[in-house]
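Report on the following structure.
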Amino acid sequence: MIDITTQPIDTAALLRQVGSPQAGAVVLFLGTAREFTHGRQTASLDYECYPEMALQKLTALEAEARTRWLLTGCAIVHRVGRLEIGEASVAVAVSTEHRQAAFAAGQWLIDTLKEIVPIWKKENWADGDAQWVHPGLETPPEARDATRGRAVSGPSPTADISSSEHTGSRR
Amino acid sequence: MIDITTQPIDTAALLRQVGSPQAGAVVLFLGTAREFTHGRQTASLDYECYPEMALQKLTALEAEARTRWLLTGCAIVHRVGRLEIGEASVAVAVSTEHRQAAFAAGQWLIDTLKEIVPIWKKENWADGDAQWVHPGLETPPEARDATRGRAVSGPSPTADISSSEHTGSRR
Amino acid sequence: MKVCIRLFAVARQLAGRDSIVLEMPAGSTVAQLRARLAADVPALAAVLPHIAFAVGSEYAQDDWVVSEGSEVACIPPVSGG
Amino acid sequence: MKVCIRLFAVARQLAGRDSIVLEMPAGSTVAQLRARLAADVPALAAVLPHIAFAVGSEYAQDDWVVSEGSEVACIPPVSGG
């Protein structure tokens, strides 16, 4: 089950969804809005997505996970819009016969989601600044909502997406 | 938070319990009663524990996990008594700043719980047989509730418990 | 041909709009779209080298040839999860 | 000294009781308890080599000396989780 929603994520429904008489293990991962990042306080987060592509990529992720592990259940839900501190932005739930596969599949799903699914987070800092988070991209000054902004940097995630990429020309 | 209970595990309460403004990740593991084991059908499970020692060992597990990872929340609940297929026998919930630690701590906690905490499962097979599960121990015929029993075998888990073991004499 | 490019996150913010229509020669590649976008929307020039493109909801490399009517999107480095 | 041993799971089932009190010499070790238990409760003899002992809620090796009043338990291989 794949969903992108503006509503709070219903974890109980997700756990019911992936439950199965064939399952001996369930792993639920939640990404939650953290108050402090490198000591800087966050007031809230805004998530935006490219809906058609995000849904397609999430669906492809589930399909790929099902080729790698024998899943008795799988559900991925991403929330978009405004999130307060402590709220869950993403939930990944998988069930399997044995626990090793549930941990491995859950971790692979969230790791890969964070690399390839077109969803973006904006930090609304407590100091009034706001800033889109784009790992590897130094946000230029004009992209900041206030002047005290500081871009978050990190390795570019776009290097690992070749498996489902258009390469070469189409005609 | 540590608990051993005869009641269904309240996963929503566990998730609230481990939630924290400092947490960016939550991992919940559930062990659930599976209908088939090596093709043989289970009707229900009975769990029994040595309550004082099980609580002490679960408490020690949480403490050890907190020395290994920076946990913003940790909860372990094991259910005992009769469980129907699909019900959760155990729940481990951890929250951390970043997700890698949440997966690692969750997996270590359930792996170690299954090695050292004095809790036992009895399979009530659909064919009427019933049998305590003791990995590495061939259950002798007189320990079976019916004649078609077959002991579950596997590696002994008691080899790895030296960290909290009495060794040598006390006086 | 007309190509509509959807813009998200910092790209949308810098451009001040959520899509832009470019008039491109038939047979244009993603690289050519990227160059035209930088020329037409200078606010995007600095970030475009770091922005991926998607065509029809799939990531597309620079040599990908865009067809008329394709759905094209700018995909800045993602930060979901 | 009197030593009360709690029995769980298959040990409880085989012995038909959930504890047993043994009269042991002062200074007895876990190994001596195990031997006496096998002698007094023949139904346990076959499984006792595979059963761990706990004293005061800690796993105790064979050379551990049991004190009077200690809480002792037979711990068959565990299968919780």
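The first chain written gets the first letter, and so on, giving A, B, C and D; residue counts start at 1 in each chain.
Definition applied: a residue touches a chain if its C-beta (ideal position, glycine included) is under 8 Å from a C-beta of that chain, and two chains touch if they have at least 3 such contacts.
Everything quoted here is computed from the prediction, not taken from an experiment.
Asks: Shortest hop count from chain A to chain D along touching chains?
Replies: Counted as steps through touching chains, the separation is 2.
Asks: Give me the chains shared as neighbours by chain B and chain D.
Replies: Both-contact set = empty.
Asks: Starting from the mean Cα coordinates of chain C and chain D, work out the distance between those two points in Å.
Replies: For chain C versus chain D, the centre distance works out to 73 Å.
Asks: With chain centres defined as C-alpha means, what is the inter-centre distance between chain B and chain C in Å?
Replies: Between these chains, centre-to-centre, one finds 51 Å.
Asks: Indicate the whole-number Å distance between the mean C-alpha point of chain A and the mean C-alpha point of chain B.
Replies: Taking the average C-alpha coordinate of chain A and of chain B, the gap between them is 29 Å.
Asks: Just the number, please: Cα centre separation of chain A and chain C in whole Å.
Replies: From the centre of chain A to the centre of chain C is 23 Å.
Asks: Considering chain B alone, which of its residues make contact with at least two other chains?
Replies: Residue numbers touching two or more other chains: 31, 110.
Asks: Could you list each pair of chains that touch, in label order?
Replies: Touch list across chains, by label: A-B, A-C, B-D.
Asks: Can you list the residues on chain C that touch chain A in the complex?
Replies: 6, 8-10, 13-14, 29, 43, 46-47, 50-52, 54-61, 63-65, 67, 71, 73, 75-81
Asks: Quick check: in the complex, which residue numbers of chain A touch chain C?
Replies: Chain A residues touching chain C: 31, 47-50, 52-54, 56-57, 78, 89-90, 110, 113-122, 132-137, 139-140, 142-143, 156-158, 161, 164-171.
Asks: Enumerate the contact residues on chain B facing chain A in the complex.
Replies: The contact residues of chain B facing chain A are 11-12, 15, 19-36, 85-86, 88, 95, 97, 99, 102-103, 106-107, 110.
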